[in-house]
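Chain IDs A, B, C and D follow the sequence of writing; residue 1 opens each chain.
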Amino acid sequence: MRRHLFAAVLLCAPAAHAAEFTWSETTDPQTMDPHAVNSTPVLGFLGNVYEGLVRRDEDMKIVPALATGWEPIGEGEGWRFSLRQGVKFHDGSDFDATDVLFSYERASSEQADTSSWFAPVSGVRMVDNYTVEIMTNAPNPIFVDSIANWMMLDSGWAKANDATRPDKDAGNYATLNTNGTGPFRVTRREPGLRTVLEPFDGWWDDATHNITRAELTPIQNPATAVAALLSGDVDFINPVPIQDTERLKQNPDVNVIQGIEARVIMLGFPHEAATLKYSAETMDKNPFADVRVRQAVGHAINVPAILQTIMRGNAQEVSQLVGPGMRGYSTGLAERPAYDTDRARALLAEAGYSDGFSFGFKCTNDRYLNDESVCQAVTGMLAQVGLRATLDAMPVQNYWPELRADNYDMYLLGWSPGTFDAEHPIRFLAATPNEEKKLGSWNFGGYSNARVDELLPMIQSEIDDTKRQGMLDEVTAILQDQAAYTTLYVQPLIWGTRANIELTQRPDNFFNLRWVTVDQ
Amino acid sequence: MLAFVIQRVAQSVLVLLVVGLVAFSMFRFVGDPIDNMLGQERTQADIDRLRTTLGLDQPFVVQYVKFLGGAVQGNFGVSYRQGRPVSDILMERAPATLELAAVSGFLAISIGIGLGVFTAIRRDGWAANTIMSLSLIGVSLPTFLIGILLIYLFSVELGWLPSFGRGDTVRIGGWTTGFLTESGLKALILPSITLGLYQMTLIMRLVRSEMLEVLRQDYIRFARARGLRDRAVNFRHALKNTLVPVITVTGLQLGSIIAFAIITETVFQWPGVGLLFINAIQFVDIPVMAAYLMLISVMFVGINLIVDLLYFSIDPRLRADRTKAH
Amino acid sequence: MTDTPLPPDAPIEVKDPSRLRLALDSDFFYTFKRSPVAVVSFSVVSIMVLAAVFAPWIAPHDPFNPGSLNLMNGFSAPMEPNAFTGDIFWLGTDDQGRDVFSTILYGMRISLFVGAAAVAFAMVLGVTLGLLAGYVGGWTETIIMRIADVQLTFPAILVAMLIFGVAKGITPVEYRDQMAIWVLILAIGLSDWVQFARVVRGATLVEKNKEYVQAARLIGRTSPAIMLRHILPNVLSPVLVIATISLALAIIAEATLSFLGVGAPPTQPSLGTLIRIGQGFLFSGEWWILLFPAVTLLTLALSVNLLGDWLRDALNPRLR
Amino acid sequence: MTGPILSIRNLTVEIPTRHGILRPVDGISYDIGRGEILGIVGESGAGKSMAGNAVIDLLSPPAHIAGGEIWVNGTRIDQLKGDAMRRLRGKEIGMVFQDPLTSLNPLLRIGDQLTETILAHLPLSRAQAKDRAIKALDEVGIPGATERINSYPHEFSGGMRQRVVIALALCAEPSLIIADEPTTALDVSVQAQIIALLKALCRNRGTAVMLITHDMGVIAEAADRVAVMYAGKLAELGAVRDVLGAPRHPYTDGLMGSTPLASRGKARLHQIPGAMPALDNLPQGCAFHPRCPYAQSICKTQMPTLADGDGAACFFPLPHTAEVA
């Protein structure tokens, strides 16, 4: 009899009572200061502790957060935000317009890594305690989108702890401690080891999660991470190595959540180089300057084969600089150049390279998912049409200096649009490099097209959506015809969780604890 | 004795300087730290500003002298990645490595000597031969593979032991220890086996060959001729004489345990200085890399000194003619 | 036969039974025949070395020529026809569609070459410095031994990473693949020479005071001659033993370095790189990518170690 | 207890090697009475030490006792194995090695090595064992034994160390001592002291001593009876006076001829031609015949045997009547 009684008691316990939650990622957020580093691991984590005026919902739509509403001022000279009342910081102090003003000065300061978000901003004015006006030097339809990750700090707390500016060099109080308005407080921070979060009861929004304690422990070695998930030591790992997805799917006590990330993987060319740097055949001209050669590269690569084997069917082809599902994606131009080796050889012959040529192909080996294997596959495919590439895969910290010094004939690049809008990659990758106007800072190949440069400012200030989309389609068509970049695929986003965990996955790879439920 | 110690300490300082110079001169080629410190939307101006504030644009010699100046006062500068003083980070992470090294070192020595003596005494027994061949597996497989296979077997399949990390630790003053918590101890098992296995095999083989050598000496035959029990002959007479040469090599072995910890910590995500060093290399966090090398060379030189002193205390013959510098 | 006395140093031409015959029934070969361990491990090692040397002719595919790879062949299980291409591979294929069996042969070639060259480099460097330190003594000995201390501070992994950084910074990309192999050899060799130096120094100190060395000095032989012709032969047996053990360790070190991403170039994987790639697939079901290279490495290293063990006992007269 | 302390009946020791089975000791028999010193002499490699090691069962494999019997104090010991034999060593049979430098454990104080041996055999307390050790050191002539007991072997001279070795061999009151070349490693002056010490101990304690040496001088000095060994067999056995004074075996005669004895004045020393045959190709018949000036055809075919008791294993023992010379 006793055994039954015991079983009965268990059954009637609430389905999802309070629970502890542990998860791991490959890199540990470098700092707790939301303005010090503009990277996914840091902002993704701090999104649970600090909050911005606006935030993205489960489908990436912008929704109110610390601001209840906003409307454009006049003909687009700026935006007026009305702030939420009665919001408290973790240390109990109130949130109001002074904190917004302070957070603007801090986030746009020279020491902050997020200052580029405020390039279009001319000034911020406090109308009253709960209304703020942000003036832009030109009409900027996507401004509200671009400040989703701009997080509010309490001016009092920052001044008291001498953290009024982010300090990258020696670090300050804000590097290790937090005081946000978000759903969770950081109760323990051991950099590189573990960071523990506990719910903030005074949160203005109602918590749908049932977590009492959450712990993030970084695990570098992918095999160890999978082992940790399988053995139940952690409840969630991000990312799951591609090759393990099939196996984990068959495992009953583990769930695999698949989606696509915003990052587009592409091959870049030395457009403005005079000659090749690593070619065995000493040539006096740069074959990649000829559009036919670039198109031949596009036809020579069998992307579906790469997705089938190396990506195990987990990625999606892409034909332009942003993936489907991003704002401004040109649905009409979704066709990639077909895999056609004869067409590729014909194009090469047409361009005068019937027996092909050798060149240096630079790649990373620890930055993007299976980057080294993809580069090896690309090398193999190009060799079949006579494009003899010498692959040089290296860790990412050596990679950027090599690209900046133009030490390549072709290179691999991954780009994830910060504002989840098609304008972002054009500004950084397609615009003619221009130091003052902060344009084309990642356009290593120096691709330049007058029409694209002419259209970019118009896109940035076009309020009317259909007109803006038309211009974006025109730019995408130009880039495709010119084969400025050979875009390959959009990276998959694969998360692994224990069977008893429900959570929400977003293309920006931000992990929000507030959408997690653990049923015992 | 004192003269000897002073001389060795002077030599050690020289070694440290050379280590610093060699390490520092190589760091310039390992990559550019600035890239990792700034996000995607940085501009060239940001890069230059940060380069000057970090003093990376100054000539190499100036950087090196500045580094040494700081190091002498125990200030190893600030980690580029964590934005915190390196000495604090090292103090936080050192206990994890030291405890792991201590446990695996102890394992390696106790089992190494135990099996070494056993295989020497029972030289032709089948048990000794199987142990010898099995132990070879310890040196025939790369450490990371042994680690992963152990995780696969004991954590994933059997679920007995944690697959990574150090478990809960208890903070005592500046030191965090894993010995006092059950999860801490369980977390120690697999990594210390992985780290210790390699050293244990080497120590076992060394003890075996030294012991065989000693067992052939006259004083052992004389001890047997006096009717002493095997236990007395093997342990009081033979083992003591075996340990003298074993100590020097074991001392060096333990030094290399700390260096080998790099791999074990990477596989088990063990929060020690080894893992910190690997992160530093990936992030080109030069201050941390330089401080790590200094810490390791201090440990090495320290161990060498202790080994020499131990040598003196065990072998009375050396104590007699004290002047004989090692 | 004129009976003018032969010059003391001239080699005496003694007509003796063929050198091979002499070697065959010498004690050394006798103990070799009788010990099963030695025979088995020696034959395994020689088979593997031969297989590695003749890899291009034995291997059904050339895994190092990217052009010949068909990516669709990736992940096919051993002996089972591939779902897309229908090809059959004895030991299956890896993520790039490389035939595991041929890649093991080619990989072993690199591993053995790197291992042997690294040990040779370490031996030459270590023995010379050891001899110098032991024989000359005084300041040279202290300097060499302190250099050894500095060297011990840098574990092989670290040395490799730093040298890789430096080498990558200097060499142009088309030589980079060849450079990678030589950097590996340099890195593993540099971290190995210390143990040779220590052993040789110890042995030289002992030999130095022996009468035959003083005798050689008396008849006016120069120091280098004494070192090379007199002391070296007597010091060789421990060096040889360390060489065999270090060969196994060097092969493993190359595997470990590739685990840390510093090993052989991706397009020419060594045995170690194969294991690193395979380790990623441990949980994903493609067990053959890890199992076969790991077993090969284990057998190779085990046999080299066993051979080294037997060699140490055979060469060490006192232990017989 | 009138019987012999040690009696050996045609003891044979064999070593299996790849060249066939060697017999370093081939059927030798002799007795040693109480307080008697039996010298075992012969060129090096004659099997002298092998016989000694066989008695105390310290033969290093693959050498092993292949036949014959060994009796100590009336009990047979060659079949004893393991612990039974171990208890015998040191208690009944003591052993003294050749090189004092390597016979003592360098890392242990001599006091500890002494008390350890005493406690292994005698039911004494640690303090009593210590006194006994000091008494043993006094007895072997170590000055200031009470202090020196705590010093290490390397703090003694060669001669002193050999005295400590003897003390160690005797401290458990064995009735038989096997001294394997005890004086060879010492210089002449110290040799005489050690011989005198052995003879004195023998007389006072009545210990039987098997004195193995290649030095005829030591035999003449110390031994009561002497056994001459050649190629694993006994060539001649008898009292020192008879064997040395009037050797009956040509080999003993040859040995005597090459030993400078005071009694021989300035007579020219002469050398036995040839060398001892290797054990793996012993000549047919009497092993000594190739080097024996009086060898006859019978010597080449048959093996002379030693009748039990004293005598020489030779068909034509000396002194020769006219016709043989």
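Everything below uses one rule, namely that a residue touches a chain if its C-beta (ideal position, glycine included) is under 8 Å from a C-beta of that chain, and two chains touch if they have at least 3 such contacts.
Here the structure is a predicted model, which is why all the values come from computation and not from measurement.
Participant: Give me the set of chains touching subunit A intersected with the set touching subunit C.
Facilitator: Chains touching both subunit A and subunit C: B.
Participant: Specify the chain most distant from subunit C by Cα centroid.
Facilitator: For subunit C, the chain whose C-alpha mean is farthest off is D.
Participant: Measuring from the mean of all protein Cα atoms shown, which chain centre lies nearest?
Facilitator: The most central chain here turns out to be B.
Participant: Could you compare the number of C-beta pairs in contact for B-D with that for A-B and name the larger?
Facilitator: Between the two chain pairs, A-B has more contacting C-beta pairs.
Participant: From the mean C-alpha coordinate of subunit B to that of subunit D, what's the distance rounded to whole Å?
Facilitator: Inter-chain centre distance comes to 54 Å.
Participant: From the C-alpha centre of subunit A to that of subunit B, how far is it in Å?
Facilitator: 39
Participant: Roughly how far is subunit A from subunit D, going centre to centre by Cα mean, in whole Å?
Facilitator: 92
Participant: Between subunit C and subunit D, tell me the centre distance in angstrom, where each centre is the average of that chain's C-alpha atoms.
Facilitator: 52
Participant: Which residue numbers or ranges of subunit B touch two or more of the other chains?
Facilitator: In subunit B, residues 30-31, 148, 152, 156, 266, 278 touch at least two other chains, as defined above.
Participant: When you check subunit C against every other chain, which residues touch at least two of them?
Facilitator: Subunit C, residues with two or more chain partners: 165, 168, 279, 282-283.
Participant: Scan subunit A for residues touching two or more other chains and write them down.
Facilitator: 223, 227, 230, 366, 395, 398 - these are the residues of subunit A that touch more than one other chain.
Participant: Name the touching chain pairs, would you?
Facilitator: Once each pair is checked, the touching ones are A-B, A-C, B-C, B-D.
Participant: So in the complex, the part of subunit A that touches subunit C is made up of which residues?
Facilitator: Residue positions touching the partner: 222-223, 226-227, 230, 241, 243-248, 277-278, 280, 302, 305-306, 308-310, 360, 362, 365-366, 370, 372-373, 375-377, 379-381, 383-384, 390-395, 398, 407.
Participant: Enumerate the contact residues on subunit C facing subunit A in the complex.
Facilitator: Residues of subunit C touching subunit A: 66-67, 69, 71-72, 74-75, 84, 95-97, 165, 168, 172-174, 176-177, 261, 265-267, 279-286.
Participant: Of all residues in subunit B, which touch subunit D in the complex?
Facilitator: Residue list for subunit B touching subunit D: 217-219, 221-230, 232, 236-237, 240-241, 244, 314-317, 320.
Participant: Taking the touch rule as given, give the residues of subunit D at its contact with subunit B in the complex, in rising order.
Facilitator: 56, 58, 86-91, 94-95, 97, 99, 102-108, 116-117, 120-121, 152, 154-155, 165, 168-169, 172
Participant: What residues on subunit A touch subunit B, complex-wise?
Facilitator: So the residues of subunit A touching subunit B come out as 30-31, 36-39, 110, 113-114, 116-117, 167-171, 175-176, 190-193, 217-221, 223-225, 227-228, 230-233, 366, 395-398, 400-401, 418, 428, 435, 438, 441-442.
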